[in-house]
Amino acid sequence: MEPSSNIIEVNDLRTSFFTEEAEVKAVDGVSFSVPSGKTLGIVGESGSGKSITSLSIMRLIQEPGQIVGGEINFKSDNLLDKSESEMRRIRGNEISMIFQEPMTSLNPVFTVGDQISEAYRIHQGLSKKQALQKSLEMLELVGIPSPKDRLKRYPHELSGGMRQRVMIAIALACKPELLIADEPTTALDVTIQAQILRLINNLQDELGMSVVLITHDLGVVAETCDYVAVMYAGKIVEYADVQTLFESPKHPYTVGLLSSLPRHDIDQEELQVIKGMVPSPTNMPEGCRFAPRCPFATDLCKEQLPTLDDLEDGNQVRCWVYSDKWDGDPEVNVKDDYGTATSS
Amino acid sequence: MAETSVKTQQAETKPPSPQLENMKKVYKKLKKNKTAMVGGILILFFIIVSIIGPVLTPFDPDAQDYTNRLASPNADNWFGTDHHGRDIFTRIIHGTSITLYIGFSSVLLGSVAGTVIGIVSGYYGKKIDAILMRSMDVLLAFPGILLALAIVSILGGSLQNVIIAVAVFSIPVFARIVRGSTLAVKKLEYVDAVRALGASDFRIIFRHILPNIMSPIIVQATLRMATAILAASGLSFLGLGAQPPTPEWGAILSQGRNYMWDDPHYALFPGLAIVVVVLAFNLFGDGLRDALDPKTKG
Amino acid sequence: MTTELLQVHNLKQYFPIKGGIFGRKINDVKAVDDITFAINEGETLSIVGESGCGKSTTGRAILRLDEPTSGEVTFDGEDLLSLNKKEMQKKRKDLQIIFQDPYASINPRQTVRQVLNEAMEIQNVLPKEERYDRMIELLETVGLGPDKLDRFPHEFSGGQRQRIGIARALAVDPKMIVCDESVSALDVSVQAQVLNLLQKLQKDLNLTYLFISHDLGVVRHISDRVLVMYLGKIVEIADKKSLFDNPKHPYTKTLLSAIPVPDPNAKKEQIVLKGDVPSPIDPPTGCRFHTRCPFATDRCKEEVPELRQNENLMGEQHQAACHYIEEIESGEMQPKY
Amino acid sequence: MLVFVLRRILQTIPVIFGVTILVFLMIHLIPGDPAQIIAGEAASDAQVQQMRDRLGLNDHLLVQYGRFLGDIMQFDLGNSIRSGNPVSAEIGSRFWVTFELAFFSTLLSIFIGIIAGVISATKRHTFLDTSIMVIALFGLSMPNFWLGLMLIQYFALPPLQWFPVSGWGSIEHMVLPVITLGTAGAAIIARMTRSSMLEVINQDYIRTARAKGVKEQIVTYKHALRNALIPVVTVVGLQFGTLLGGTVLTETVFSINGLGRLVIDSINARDFPIVQGTVLVIALLFVLVNFLVDISYRFLNKRIELD
C-alpha cells in the first residue's frame, strides 16, 4: 500500500454551533485520513461529534452550525475552498452519504424511482427514461426483490431494511469515490444489519470506493473497518488500524469502552464501567476532556490537553501516559490496570 | 443528543415549587420574545383601562349633546362625537370592559366544556370517543359565526346570549385539541409507569395528563380570545348582540356605518379598537405558543 | 427447589386492525400468539428477539398495561387476569416495570421527590412521616445523592433518569420487575453502570427480573435463562450457557451469528438471512421462520413445531421449537442458502 | 382509495343527521311557544292555533322530525312566513351569489397566502419575512366588516370612487368584497405555510436531497414545498367554512343579496323557516367541502396507509 494514496485527508477540522449563550465546539480540531479503497470507522458515544464530522465533510452543516477552521483535502483539493455550486457537483457524485434513519431519510411524496433517478439527472444529465433505467439497475445491484415494481413505490410501502437499500442505491448511483455512512444500521435489527453491512462491503469491493463508517457499535467496527478513529467530546483520542486498536488499545477511554461492552460471545464476570458521564459541550473540562472520568488522571491531565501523538506500534493516542511529561505511576499499563484502577 | 448535566447550584436552600419553577422558565422565554411582550403589555393596558378608564374619562358615555353632533376629532373629543353628540373616545373606553368580559367568559365556558369532552374522549376512547367526536363534528359543520347566529336567533340578541353562542362554537375546537394532546400524552411511558404503580384513572387524568396538556389549552384560549372578540363584535355589528345604547364596539361601529360618507371617524375608531385588542391577544398567543413549546430552545 | 413466581399459559395478544368501508375489524396483528413459560423466584429470565417479535407486548400483557386477548398469567399463585380493576391496582405493588426511554418515562413536571412520594402514596407503602427517609435511602440505593431529591427530570442525564426510574419501581418493594429494553437507549459506558446496578439490586433485594432486550450481549450478561421469540412465538428457551454455547433453533443460530463481535480476529461463520421478517398480520403457516430458514422443508410450511427437548443434545432446561433439531445437529440436513 | 372514499361517505352520514337534528330543533329550542313567536305578539289565539297547525307543532317530536327529513329529501324546506314563497326558491335565487363570493375569496387567500408563506419561510429572519408576518397578523386581527367599511371609505367613496359601494355581478363589484372576505384567510394560510415549510426544511429527507447535490431552490420548491403544502390543505378546508360564515357580514356591509343577508333579514323578521333552511344549506355545503378536502388530503399524503 502506498502511503500517499489517501482519498481524503482531514486536518484540524473545527465545527461549532453558535447559540445565544456560547459557542459549542462540537468538532474541535479533528484530523484523520482515509486510504483509498479502505474503510475508516469513526466510533464514539452520543455527543462525541462523530456525526457532525461527517456532515462537515459534505459541507452540510446547517445554521447555527458553522465550520470554523481546518482543511478537508479530497483528491488534493480543499473542500472548504469550494464554492457552493462546486460542492453540489461533488455531493452525491464523488462523495455520497447515507444516514441513520431510513424511515425518515426518504422523501415521502416521491416514488423510489424518482428519488434515485434524481441523482442521475443532476450529475449525468440523463433523460427521465434513461435515469429510470439506470435506477432499476441500481435497485437490482442493492438486492431489492422485484425491483421493477419497487421503482413505482413510495417509501412508506417499504420496510426499514428496504429503505436503507434504497438510500444506498441513491448514494451509489453515480459511483462515488467516497461513501460516508452515518450509523447506517443503528435503526435496524441485527439480522437486517448483517445484510446491509455485507451489502456495503460487497459494493465497496465492486466499485472500489472508500468508506467512512460512523458508528457507536464497536462490534460493527471490528467486523467492517480497516482503520478506526475513536472520538470523545469533539476530539479524536485514538487512531489505529483495526487489529492494533482492538488488540492493544491505548487510551483509557478506548480501554474503558471495550471493557464496559457486554458481549454475547464470551462470559464476563462483571462489566468494567467508565464512571460519570460525557461532559456537557458548553462546559468542557480544561485539560484532557476525559480526565474527570479517567482512573489514571493526574494534575497534569486536568490542566493540560494532550496532543495526538504517534506511538511505536502504529497507534496515535491523545494521552499523557504515553508522553515524556507523564507525572503519574511510570509503570502503569492502561489496558491491564484499568479494572483495578476503577475499583480503587 | 448531547447529555447535559446541570451544576449543583442550591443544595441547601429550599427549592421553589415545580409549578413556580416552570412558570419562571416560561416567563423568561416570553420576556425574550418581543412580539409576545408587546401583546402582553397591550393586554395589560386594556385590562387597566377597563378598570380605571371609566373613572378618568371626563364625559358620560350616555350624555347626549345635540349641539355637538358628529364632531370630528379635536382637543376635547379625541375621537370625535357620534350622532347623539356623545364622546366616542369615552364610549370606547367604557366598551373595553364589555369586550374583555365577553371574550373572557365565552372562552372560559368553551374551554372548560371542550377540555372535559376532549379528555374523556381521548382517555377512555372506544364508544364514548366515537359518540363525543361525532357530536363535535356536527357542531363543527356549522361555520362558527353561523352557529352563533343560529343560537342568537333562537335565544334572542343580548350580551349574555352572545357569550353563550361564542362559547358553544369554541367547544369543538378545544375538544379536538385536548383530545389530540391527551392521546399523545397517554402514549408516553410515564403514564404507563404510574398505571403500573396502580394509580387510579382520576389520578392519572388530573395529576399526569391535565398538567401536561395545559400548554396547548392556554395557547388556544389566548388565541381564542381574539376569535371570540371578533365574533362577538360581528354579532353586535349585525344588531344581534349588545343593543344600543350599550357602548359595545361592534354596536358603535354599526351605527357609525350610517355616517361614513361625511364622518369617517365614527366608524374608524371603534374598528381600530377592535383591531388592537384582537392583535394583542394574537401576539400574546403566538408568543406563548413559542415559549411553551418544548421544541423551541430557550 | 425453586418456586415459580410467574407462570404464563397460552398467552395471546392480538391487536385488531380496522378497515374496509365500515371500519370493522378485518384482521389482527398477532403480536403474541400462544406462548407459555414460567419465571422462577429470584432469577432473571430474558426475552430476546428483533423488533415486532412480541417481546415488549408480552411484558405489557403480563402487567395488564394492555389487556391480553386470552391466556392465563399466574403471579405468586394468583391469576392476574381474573382480578378486577381495584384488585389489580393493589397487586401492582408486587410487579413493577422499568421502561426504555429515560426521557419519556418520568413526568417532566414532577421532581424526584414527587415521583417517589407518589409511588409510595399510591400503594400506601409507608406512613407519610417515614417517607422522606425512605426516599433518601432509595436514592442512595440507585447511586444518586440526596441533593437530587428536588430536581426535575430535565436536570438529569439519561443514565441518571434511568436510575430514578429504578428507584420509582423499588419504592413499592416489588417482588418482580419487568425491564423493558431498560438499557437500550443508553450509551455503552452508562449502560454498563446501570446493568451492574440492576445485578446488585437483584442480589440485595432478591428480585425477580423479566428482562426484555434485543441486545444479546446485554442478555448474556444479565440472564439466568433466555427465551427467544420470533413473530409472536417462542422458538427457543434455555439456560444462558446452553443457549449461547449450544443454540439449537436455526433462528437463534442466525441471530447469534449476525451480531458483530468487537474482536477483528474472531473468525466466525456469519449466516446472513434473506429477506425481512414477515408481517405479524398474516404470519407464515407452520413454522413462522420457514420463509427465511435455510433448512425449511414442506413439513415446516404445514406443521407448527412445538417446543421440545432432546435429552441427548440439550440441557435439561433447554427447549427449541424446530422439527429438525436432530437432523441439523447430525449434519444430515444441510443449509440451503 | 375507493374504500377510503366510501368509508368517508359513511362517516359523513351521522354528521349530516346530526346537522339536520340540530337545525330541526332550532325552532323548538326557542323559549316559549314557537307558534306564538312566529305568528307575532299581537296574533289572536286563533291565528296562533292556525300557525301551530301549519307548522305541525301538535304532532310528536319524532313525527315532526320524520316529516322534516322527508321534506328535505324533496328539497322542500317549507315556506317563508314573510313572503310565502318556498324557502328553497328563496335560497336558490341567492345561493350562487354567496358561492361565488366564497369561492373567489378562497382562491384569493390560497394564492396570496401560499406565495407569502413560501417567501417568508425562504427569507427567514429578513425584513421581508418580518413584514409579511406583521401584515398577516394584522390581516388576522381585523374584523372583516370593518375592513369592508374602510375599503368602501377609501376606494368606493369620493375622491377615488374606483369601485361601486354595493351590489354584486360585475368584476368591479367583486373586488372589494372578495378582498374583505379573503384577507383573514390569506393571513392564516400564509402563517401556516411558513411554519409548515420551516418544519419540513429540517426533515431528514431534505438533508438527503442536499447530500445528493440538489440545488437549494429545487430543494425548497420541489422537495420541501410538496410536503409542506399537505397540512395547508386542511387549513384551506377549514378556511372555506369560516368564509361561508363570514359572508354574512360581508354581504351586509356591501349590501349583496346572498344567503348571508337572507339569514340576517330573516332573523330580524323572525322568518324561522328561512333561517332554518339557510343554516342547513350552508352547513351541508361545508360538510361537503370538508369531505372533498379529506379526500384530497389522503391523495396528497402518501404516508397514510390506505387502511
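By letter and in written order, the chains are A, B, C and D; residue numbering begins at 1 in each of them.
Quick note on the criterion: contacts are C-beta pairs under 8 Å (C-beta built on N, C-alpha and C of every residue); 3 or more make two chains touch, one makes a residue touch a chain.
Protein identities per chain, from UniProt: A = Peptide/nickel transport system ATP-binding protein; D = Nickel import system permease protein NikB.
Everything quoted here is computed from the prediction, not taken from an experiment.
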Smallest number of contact steps required from chain A to reach chain D: 1
Between A-C and B-C, the pair joined by more C-beta contacts: A-C
Between chain C and chain B, distance of the C-alpha-averaged centres to the nearest whole Å: 49
Centre-to-centre distance between chain D and chain C (centres being mean Cα positions), rounded to whole Å: 53
Euclidean distance of C-alpha centroids - chain A vs chain C, Å: 31
Of all residues in chain C, the ones touching two or more other chains: 157
Shared interface positions of chain A, touching two or more other chains: 46, 277-278
Residues within chain D bordering two or more other chains: none
Touching residues (chain side chain C, partner chain D) in the complex: 17-23
Sites on chain B touched by chain C in the complex: 3-6, 8, 11, 15, 18-19, 21-22, 188-190, 192-200, 203, 207-208, 211-212
Of chain D, residues touching chain A in the complex: 203-205, 207-216, 223, 226-227, 230, 300-303, 305
Complex contacts: residues of chain C adjacent to chain A: 50-51, 157, 159-160, 187-193, 195-196, 199, 214-222, 244, 254-266, 270, 272-273, 275-277
In the complex with chain C, residue positions of chain A that touch it: 45-46, 145, 159, 161-162, 189-195, 197-198, 216-224, 242-243, 246-247, 256-258, 260-265, 267-268, 270-275, 277-278
